[in-house]
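Shown below is the structure under consideration.
By written order: A, B, C, D and E. Residues from 1 in each chain.
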């Protein structure tokens, strides 16, 4: 095994991103979809931090980006959950396949 | 010099009649319309007389040649390429003679109609139309410009249309006027193209210029026009042929004659005026107008003109023998006589030549035009009286009217004799000249003409005996069924006098192809044949029809198929019907309409339908499922990335 | 003469219409407005000829310029030459007649007249604009009122027709738009016709842009085979709408073809002339034959319009000066004639409630005035001398004949052959409607035209006769303008 | 300090309103009617104030930039907010959470403003989220309606997904260029494919926000389900703001990749126009219909954007200004009708003219403007977009675009047809009372629709801005 | 020779990926949340491994302490803790897998193709530096984002409250 470096991390983050994407595309439960989204955001953070560490360590752009993304993720998750809860109230279900009243 | 204003008045007076009667007649003038129009026309006639007199005797002749005088021209429309459409007056022997014929016959008809059309609901309109016709016809004969002729040509056509369709509530009249207009229109199409051809090569529309440039073989225009060819025929010939087609349509020459018999649906005086004396000879007039060009630059065309004329003469004469409607008989007779005039032109040459033999046909033709106008108008007006009397056009409803209508009888007889070519009536002289000219030029034409002349005598007297002799009149009699008042009789008598005596006019002195007076010698030995043949025809008709025997019936049965062929007018109408209805309407028209509805329209509708269809087809894309949306998102991003990273660099 | 008056007057009329209270106010206001328009148009004509007579030979007269979109070089640039003046005269007459025949409209009167005057505004603007953008603006203005006209006041399958009309015209303008943008960017960001005419446009660009613009305007002027909106649109529209549609709208297209396509892109025009000729010759004959099969009076006139307008395009395609003058004359003539035809059809329909020729008959007896008008229009349509149609067709034919080759000659003869077919269908229509016995007893009590209808007909007939009897003035008016157009064609044929 | 205040004036104004709203919420007992009027006045002030005392420059290093073009764009957004508060007054008045609605709206606007002024990717991303997360909440404001929550769910999830993609793109860009500052990026773009990939991912996020096909699918559902005030806001303000930023991105930051984005724009413009038009063709629900129509409008915006900076930028800004008037007029009428009768289907509009001429004329004008029919301003807007697009000389593309005008005309006319041509004798709409503020708003919109085009100096003014 | 940190890295990587994969495939929602938790922790571990302690700490605090808890609460709130999740649609799964795989391949190939030169050996940022930067209003400072996020959080909070609060009818 070789010394792990930037490319390893990038591989992990990309993989996570697409794992999250796959989950987002296939999970039927809204909350699990939300979880997949969290995976996506995390993979991005990993990217930022890795780039900051190995490529552009002079400034802290990557780090701060990751930091703020975490904050945004929290806010987004909060609003999403609020919406999901409300949806549960109106639909008695959080199955995404059941919320397709509006189409065509 | 001629007085321009007076010449203009010749036209303007009838036009005024048209406008006044047309606009105010129905409401305000009513019964006075006839008198008004007649007075206007009388004035016009007097001016014509004065002008013609002036032309022939005072200022027309210079150095022994009658000049072409253009006292007035107005640039009506000048095109950028130097062509000018002018409105003007051209005075020459031809137009002066025509002025007289037209205005005189028109005046007679005006007077005659005062009584004949009395009580018509659209009395004023009738006179308005007559005024329009007189205006257009006079304008036509005075035209100085070939486009001007076309202009009035069409106007004449439309007034003819209006007058044929005067009894517009009769479907047959509507059909007839339509037919007349369309058939002549078809011919005019040729005329129009012919004008374009001629004007292109001459660079002018004036008769003077056209004649100058095209009738001398040396001129560059003629050379060019002869050089350019299409389908092996020179452009000049094309032009002349096309112009002649126009004339043939108006003059009801074979095969464009089919409208003329039907045109008899119009009031009888109208038939006398338009479809016997004036408008139908316009074709003759047109060829005569351009005669130098035909004779010098297009002898081949002139040859075919002669043949068309003589065939028309024969065919019409044959058909006339079998028709039972007196107006139709007269119509075919008209056609036949115009055939005479045309082939006379066709056999003529330009100029005088030895003994004036070369240009004889030209003069003879116009002489016949002149005399024919008189006796044919007389025949029609007489027929009008008869028809009024018996309320029918059919010969079988008539017979033995000699006593009832004495004046008419005499006049009709004179006209019949004139047309049959019995000396000393006018027809004899003109016809004799025509036959002589034909004899000099082409014996075949002469013989056909001769036979037709015999037939003419036969059918005219068949008509005469059928109306006035044979049986005794069995119709009911009432007081008002007399011959009619002076308004009817005066025109009859005047025309009869003319028909009887016009032959003695030294016509060649006035009208000739090159303007030089032409002596027309009288060939006694030559005229024996036609006269004898004519008399034979008369006797034969008398033997068959004078006593109302059953001989005609037997002959009819004996002739069988041939009779049918004649009776059905050689089936020409049917052929036309077939071509128009089956071909033009059913095949081309319907196909075009179908194409428009289904192909052109259909394509547009299809485009709409396709758009809507595509819209429905794509509906699945908007599935309402958020994950599918994301999948599309991902797919789109992927596709873009793939496209712009690997494919499009 | 201030050309903006031509826009101002209709605008004021339109605004004044907004505050009218009742129907008679609306009608009278529009009528007065349209009379003022006629007055303006006549004044323009006289001022124009006076200027010309005084020796002012600049291409456009009464020019005026106002900046509009400065940075895009879009200006309100007005100016007229003979062609525009003729078109403006035509418009004013048709509008006045349209106002008069619609006197009895009951449904949404105010809106009706509003749109009618708006249409005239668009037409005037179009004819005086020398800036392609503004020209396009006014062209577009005229589309939607037509749609509403047909949709609201129309009859028959009006929705279908209205849609078809609006969509086809819109497609046409899309083509035009791309064409003029092409011009704009090729010639250094300028929309001004006079500037563009100075610019040298490479041939390959002309070959691309010319078909766009010509086809685009071709839709408006019913170029075969883009004419299919015409029959449906005309037949479904209310009387004044049809009048305007056929009388003016189709002329917008013709004018555009001439002013924009042929004038600005002479080499493109030369390049594509053959195709134009083939299409227009087909349109002439095809239109005539299709007309022959129609039974509905409005369809008859609509298809005959296709045929007649074909003459316009034929004249343009011939590219000779005389033919082009003839084609403009044909536009004017056809505008008047077809407007009158539709007016008459409208009058007949109002009374008999049918437009089918085989259901009528003998109308001459009950409504002589209307029947006479129909006669006149029919005769004009079949090119009878004395009426404007004859003058125009003859001019076109004479001009066409100047092209001395077999192809042009054939096209000319083919086109001329239509005069026979025209006679057939016109006489059939007239024969079946006004002549013959009265087929329907209920027609017997019908009344003849009222004063407004008579006046409308007389206005148009006067126009037809003025041109038909004295065409010289019109020719003189148009000829210098046509000369400028043809001088650019570089064909050596005058 | 004064500089700071003046430079950030638009944002500070909004923040002030934000705080005011918080206080209002804390205090109680103000009736909705009064509150609404108060807010309207505030927004009006905000709009008017936007024209004065502006200053250009930058703050926080170059994190925040202010130019006169940005200020104008912000004013357009201010105007749209004010108009939304007017034309959607009927719904707003009934809303139980009126201050919260405006609180969210104003914070979203704040996000848009910052986004427009943003100077690096971080602040851009943050303000993008600030502008979209509140909107998701606004969409859910019809708390008891199934459609509303469904719409909010779709919006928040898809927008989070798109943020993910955006972030991934930004991270790659950051990785390959080493900077997140807009001013430094162009110089460091060397066109390697990783940068292109990063750019495409960022582009996709924009495409999502602007509803460019095939990233548009959320739009219709969200528009239909959301309360009409939210839809109006979303359709004009959000779309406008993203269009502004989008242009800045393409014209400045990613200028070195010009060939690539031009190719992408051509492709996506055609897709967007076609799909938007084709879908709008069939819609029955007016909000859904307007959603697809707005997708098609975006297609035209893209057409203009593709033309490049000198013509594209002013024409897009101008178009958005017109679009604000037109779309809000249309939404306003739809809102009034839907609030008072509950009817949202196009068929319900049959014979509207007979009972409601005012609403009919406003709606007709708006639709004509959207369809680009003169003399409405939409004509000019559309035309300048097409002109801008044509400046690249790609006439086939422009022609296809222009022909799409025809399809769009067809469906806009469908509504006009319903209003004027159709008869509805069974269930005609009643004569609807239009409240003063709505009427005022609609009149402003109609005035804008009519006059923006004719007042040609507006365009010239925009052109002069930088 | 395999160093300790390398082993740790691979362990953390495996943990993140495996639990991530499990989290999106398991049909027990509660387990999914727990697997997510492990993934997040794994990622926090990676941050530690990279010497970015501050961000690792934030990751643990916000995600593990905040978001996962939030998610768990919401699972309970929607009464789903025990239920098995319904199966996803196979077709969509296939398409998604395909698309995801293609995208993954594309991204990885691009990333690996790009010539990114690593500069190793720079010190990890200290918390003090981060703090200073955070409140710096000048060039390279992050004061504005900080303010923005505060407003964002306010707005999100208001939104959440309005939506999630039980409405009075």
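The rule is short, and it goes like this: contacts are C-beta pairs under 8 Å (C-beta built on N, C-alpha and C of every residue); 3 or more make two chains touch, one makes a residue touch a chain.
Here the structure is a predicted model, which is why all the values come from computation and not from measurement.
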Output for shared partners of subunit A and subunit E reads B, D
In terms of mean CA position, the chain most removed from subunit D is B
Closest to the centroid of all CA atoms, by its own CA mean, is chain C
Most contact pairs found between chains A-E
Per mean C-alpha coordinates, the chain lying farthest from subunit E is B
When centres are defined as mean Cα positions, the distance from subunit C to subunit D in whole Å is 42
Cα centre of subunit B to Cα centre of subunit D, whole Å, reads 77
When centres are defined as mean Cα positions, the distance from subunit A to subunit B in whole Å is 97
Between subunit B and subunit C, the Cα-mean centres are separated in Å by 36
Residue ranges of subunit C touching at least 2 other chains are 167
Each of the following residues of subunit B touches two or more other chains, namely 619, 622, 624, 626-628, 630-631, 634-635, 637, 641, 645
Check: subunit A positions touching at least 2 other chains come out as 10, 17, 20-21, 24-26, 33-34, 50, 55, 64, 68, 72, 75-76, 79, 82-84, 86, 96-97, 99-104
Every touching pair of chains is listed here as A-B, A-D, A-E, B-C, B-D, B-E, C-D, D-E
Note: in the complex, subunit A contacts subunit E through residues 1, 3-12, 14-23, 25-29, 31-32, 34-36, 38-39, 42, 45-46, 49-50, 52-55, 57-60, 63-64, 66-68, 70-79, 81-86, 88, 94-95, 97
The residues of subunit C that touch subunit B in their complex are 164, 167-168, 225, 227-229, 231, 286, 289-290, 292-294, 303, 320-322, 325, 362, 364-365, 368, 379, 382-386, 390-391, 394-395, 397-399, 401-402, 404, 406, 412-413, 416-417, 419-420, 423-424, 427-428, 431, 434-438, 470-472, 475, 479, 482-483, 494
Subunit D partner, complex, touching residues on subunit B are 611-612, 614-616, 618-619, 621-622, 624, 626, 628-630, 632-633, 635-637, 640-641, 643-645, 648
Residue positions on subunit D within touch of subunit E in the complex are 15, 18, 59-64, 96-97, 100, 103-104, 107-108, 110-111, 114, 122-123, 126-127, 129-130, 133-134, 136-138, 140-141, 143-144, 152, 172, 175-176, 192-194, 197
Counting only contacts in the complex, subunit B reaches subunit A at residues 619, 622-627, 630-631, 634
